[in-house]
Amino acid sequence: MKKRGMRRSNSKELLPSSIENLKTKLQEAMHNNPDFQIRDFEIGGQRVLVFYISIIVKKQQLNDNILAPLLKGDKQWTTQKLINALPLGNNVAQTKLNEVVDALVQGSVGIYIEKESELITYPIPDQEKRSVDKSDKESTVLGPQDAFTESLTTNLNMIRWRMNTGDLVTEKLLIGERVPTEIRLVYLKNLANKEDVQTMRQRLQDLVVDRIEDATPLTYYIEDSSTSIFPQFYQTELPSRFSYSLSMGRVGVLVDKSPTGIIAPTSLFSFFESTEDVFMRWNVGSFIRILRFFALIISAMLTPAYVAALTFHYEVIPTPLLTTLGASRAAVPFPPVFEALLLELLIELLREAGARLPTKVGQTIGIVGGIVIGQAAVAAGLTSNILIIVVAISALASFTAPSYLIGSTIRVIRFPLIILSGFLGLIGIMASICFLIIHLLKVTSLGRPYLLPIYPFVGKDFSKTFYRLPYYFNLKRSFSYKPQDMIRYPKKKARKMKDIDD
Amino acid sequence: MKRLIFVCFCLLLSAGCAPTYPIERLGIINTIGIDSDSQDSQALNATYVYFQFDPNAKNINEIVSSKAKTLKGTREKANVKSNFQLVPGKLRVLMMGRPLAEKGVASILDTLVRDAKITDTMYLAVADSAAGNVLSEVFQRSTTNVGTHLYQLIDTNVDQEILIRTTLRDFMHKYYDIGNDPVLPLISVVEHMPSIERMALFRDETYAGDISVEEGFFIKLLSGRYQAGRLELSLPIDEFENIRQKDTDQREEDSLFLSLSDLRSHNSIKLVSKKEVRFQSDIKVQARIMEISEQLELDKEEVVKKLEKVIQKDMERQINQLLDKFRELKVDPIGFGSIYNAKHPITQEEWRKLLSEMKLDLNLNVNIIRQGIID
Amino acid sequence: MNTTNLTIKPTMRIQAFYLFFIMNSIQTGSGIMGVPRYIFMEARQDAWISVLIAGLLVHLVMAAMFAIMNHYENTDVLGVQTDLFGKWIAKLLGTIYIIYFFFVLLSVTMDYIQVVQTFIFPRMSAWVLSLVLILLIVYAVMSGLRVAVGITFIFFFLSLWLLIFLYKSIAYMEITHFQPLLEASPSELLRGARHTSYSYLGIEILFFIYPFISNKEKAKLPAHLGLALTTFFILLVTVISIGYFSPGELPEQVWPVLVLFKIVEYSVIGRFDVLVVTEWMMVILPNMILLTWIITYITKRLYHVQQRKVLYVVAVLLLIGAGITKHEYFILQIIDTVAATGFWVAFVYPLVLLPLVWMKSKWKRRKRGGAKT
């Protein structure tokens, strides 16, 4: 921000200047862009210059709200008169060339009246955007279905409507040295932890990059540890999730031209929470959430356990299973590690191919890969049929994670685990689990421990993280992130136990 | 530095990683039969039944025999005869031939206990003749899967409380305890199939004699508790002369046959007198009649009471017979000695001497609670 | 070293209630696997009384340690030693601590490797196993005490479930093995109690960790509770071992506690002892990580060497030490030596230190009083 400010102060003063002079300066600054239009009107003997980039301003607005009032009658215009006459708000008085250019490329129309000391710009940008749609990446069954789009205004609009309280702050920041992108820091002023807001603001302000591609790459610039495989900021497409997090006291970041909102701080466990859990009944929601944690463990551990048991620990396999396993393994020419890696790789290929291809073809690929190749691989004696089940279950389990990011993290973690279990058996698996836990203890998200509320231990938050309780137990917000206000709603009058037949 | 550590790690992993046991290359031993060799009394004959995962083989089981001085030695010898690596991690049944059991089995079992790979829950059994012959006969003459068959034979009977649990753990425990002797099932071959015909009594580590499976019921009755046991009794019919309904049954038999099921028992043994070596046992039995050879009016209280009394008497008679047998063989499978030892520490030899003087006051209480859906 | 009092940054401080887990984790390690045997060899069926006696005595020692630490504002034992004996003797004593902790660490590592080699991989090289363990330790200690405490905390819960599976061996227990009661003489009981010392080692960590505790007024309860839990664990495994094993059998078991799990069997998991030995890594890792952290910390305090460098040196030494030993008797010898030394360092030394601290403060007060009048 400071640097950009410095650049601005160097910029040349444009005005006052003659009309012709101004014209050439603007043309120069726009590098004779064919879309750049300068229209020179003569109204009541006074020359008025209207200039804009034709393809990014709303033609309708330009004609009805600027040109029509301007050209009506033969008045003598001054800047102040014009501001009063035009039915548009947010006019900006400009004197500097660079600022004018910045405004023009963002879809403003500039008006200069001869001999005035400043020109005014009106932003009437015409942004092409898709309409609000259902989310593909994070689909939910219950609850709101709308998703963020690429337009920041639309996204802010959705958030504003969900959180129509004066408390909502959307701080504007510009990031990008060469191509600045608008970024909004969103939080609830009287709720979000001030330290968190300050940290996030600081990190965004200190960031010096030429251009931000999207919200996701932005997180890689500002997250705590870039070597870690675990995502440290939550990314979501769902305005419902975004606003829910805000109301829990988190800090959100929206990036222009990106359909992804960033939420911080997050813990590992929040990646397994879905907004759906909130819409479900508490007991059903708890069940599903616990199921997801199991899915995580199964997904990461099942294939390595298979490899370890078959390579080293035959005595752990129960006898009835041992005979079936042995019979199906007998024809396979590879060691179990290799077999498992092969099949896991196959599943990953299928997933990747399915994701890249159009939906209909992707489905076909899934069926062809899953059934035909799987069957053929067993028939050809390349893998044992039990491994197919094992790999399928663990792949399925990895897709239960509500966040696509954590799902892919788990799938990648599996590979070193399989290799280690092939070398050291159960000891290898145990060592990798220990390593993962140590690693997770080291990771932080926005300076807060990643394993909250387990370590540091915050027992009160378990009902928000690992399971859910009826609403009358959830009077308070998550303690882990220290929001300014803990109370969600006051405790109702004591829920008296009624006697039978009372 | 980090890269160096990583390289070291990879090198060590590839160089020193653990030896693998991929299951398709293993012959996973399921059952072992051990005998003492008939010519060389020092040598052991071992027969291994193992799983092998050969895609071309019809039978998943394979059998191999070998002879050596030690148990480990026999495995090495057997390994040479097999194209699979024989591993003992899933050993479920160890069967010892009777001649070997008569000599003592402690050294063999010590080898098993020492090996961390061998599970403590495997079953021990004694074969009627040579264990190797039992295994090979069943393997050759019957279509059944000999390894799992033997295990399941013992396991289901233990589960149904027909047999006393006889795992390696139980044997070692009783063997090491002062005043307690192990009991093992005695397996013989009937029509090419293994069958538990009798129970083998041990004096410490040596085979001392055998009793019938029915008699084995009373060992558990005295030393443990039943959750759902069963018992067949034949009672003298004269006792029921007055209450028997003659008109419905014309058969003339001199015994009344009775089957008790869902038998629950609870028992406590106390040392009453040290000098007389007198114990007192309070046994409470609760059972259901499921089969009875005569028609009795079981809905009448006095009939049931009478029946209970007769059953009680008969059980006492059988227990005393069994105890006489124990005194004669100088074995103590019930563990009177450990109760004595807990009060007055003695050695195993001293207890053996006292065993013949041992007396038991029985305090048996039989309670019949149900008789099926008809009276 | 000049100032007795330490100032610890607020971000490095830990809550007092974690002391519960620290005390328990550092004591529950390799010692508990074999301890019932040693106590039983001395006190026979009354071994459980020995455990209780030992527990009580260790509580006393801990109370003494708290009394020493409370005499000062915020210091560790190194500061106390400097205050009492002067700079050079304190340095010597601190070095003894370093060497002692290193050998405790070494013995734990070797013992675990031995267990893995016996139960799972008979032919696996000790180098590989120790390398795996040491890499984990280095990775953890690199982030300092906070992470070490976190590991202690999480691994405590992740290994607690092992207790559940003792139920099967409880079902196999024989009451007669405990009778007749109170057969052992007091001296046998005390000797039995002394044999628990290897399992109670680690209590000295309090001397070093104390300055890091943020709410010191609440420190006593969790520390004593942690110690009580250790006593409970040792008592539990001792009682079960006595009931489970015959009197003739128990002295022959090297790791009776692991053997207790050998009868656990399920239709899903054929053998449980393999899992237990693997899971035991989570029991010993916090132990090893805390020990390594102490070594690096003392060295930094005494010689102003970077903790990171000390860590590398310790790692290499540990790797060599654990890698080259192969013989069981040698390992047992080291463990015995550590246990014997530990008895003096961990339990007797604090009791010696306490009267000295008292005397010194009295002397100081009198001197000050003398100066005033």
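First chain written, first letter: the chains are A, B and C, and each begins at residue 1.
By our rule, a residue touches a chain if its C-beta (ideal position, glycine included) is under 8 Å from a C-beta of that chain, and two chains touch if they have at least 3 such contacts.
What you see is a predicted model, and the numbers here were worked out from it, not measured in a lab.
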| item | value |
| --- | --- |
| Between the pairs A-B and A-C, the one where more C-beta pairs touch | A-C |
| Centre-most chain [mean C-alpha coordinates] | C |
| Chain B and chain C: spacing of chain centres that average the CA atoms, whole Å | 44 |
| Chain A and chain B, separation of their C-alpha mean positions in angstrom | 66 |
| Interchain centroid distance [CA atoms averaged], chain A/chain C, Å | 47 |
| Residues of chain A engaged with two or more neighbouring chains | 312-313, 315, 317, 319, 322, 424-425, 427 |
| Residues of chain C engaged with two or more neighbouring chains | 121, 128, 270-271 |
| Junction residues of chain B - those touching two or more other chains | 13, 17-18, 89-90, 119 |
| Chain C contact footprint on chain B (complex, rising order) | 1, 5, 8-9, 12-13, 16-19, 89-90, 116, 119-121, 167, 169, 172-173, 175-178, 335, 338-339, 341-345 |
| Contact footprint of chain B on chain C as seen in their complex | 118-119, 121, 123-125, 127-128, 131, 135, 172, 174-177, 179-180, 183, 245-249, 259, 262-263, 265, 270-271, 273, 312 |
| Complex contact set, residues of chain B against chain A | 13, 17-18, 20-24, 26, 28, 30, 51, 53-55, 60, 87, 89-90, 92, 117, 119, 148 |
| Interface residues, chain A side, partner chain B - complex | 310-315, 317, 319, 322-323, 325-327, 329-332, 335-336, 423-425, 427 |
| Residues of chain C touching chain A in the complex | 15, 17, 116, 120-121, 128-129, 132-133, 136, 139-140, 143, 147, 150-151, 153-155, 158, 266-271, 274-275, 278-279, 281-282, 285 |
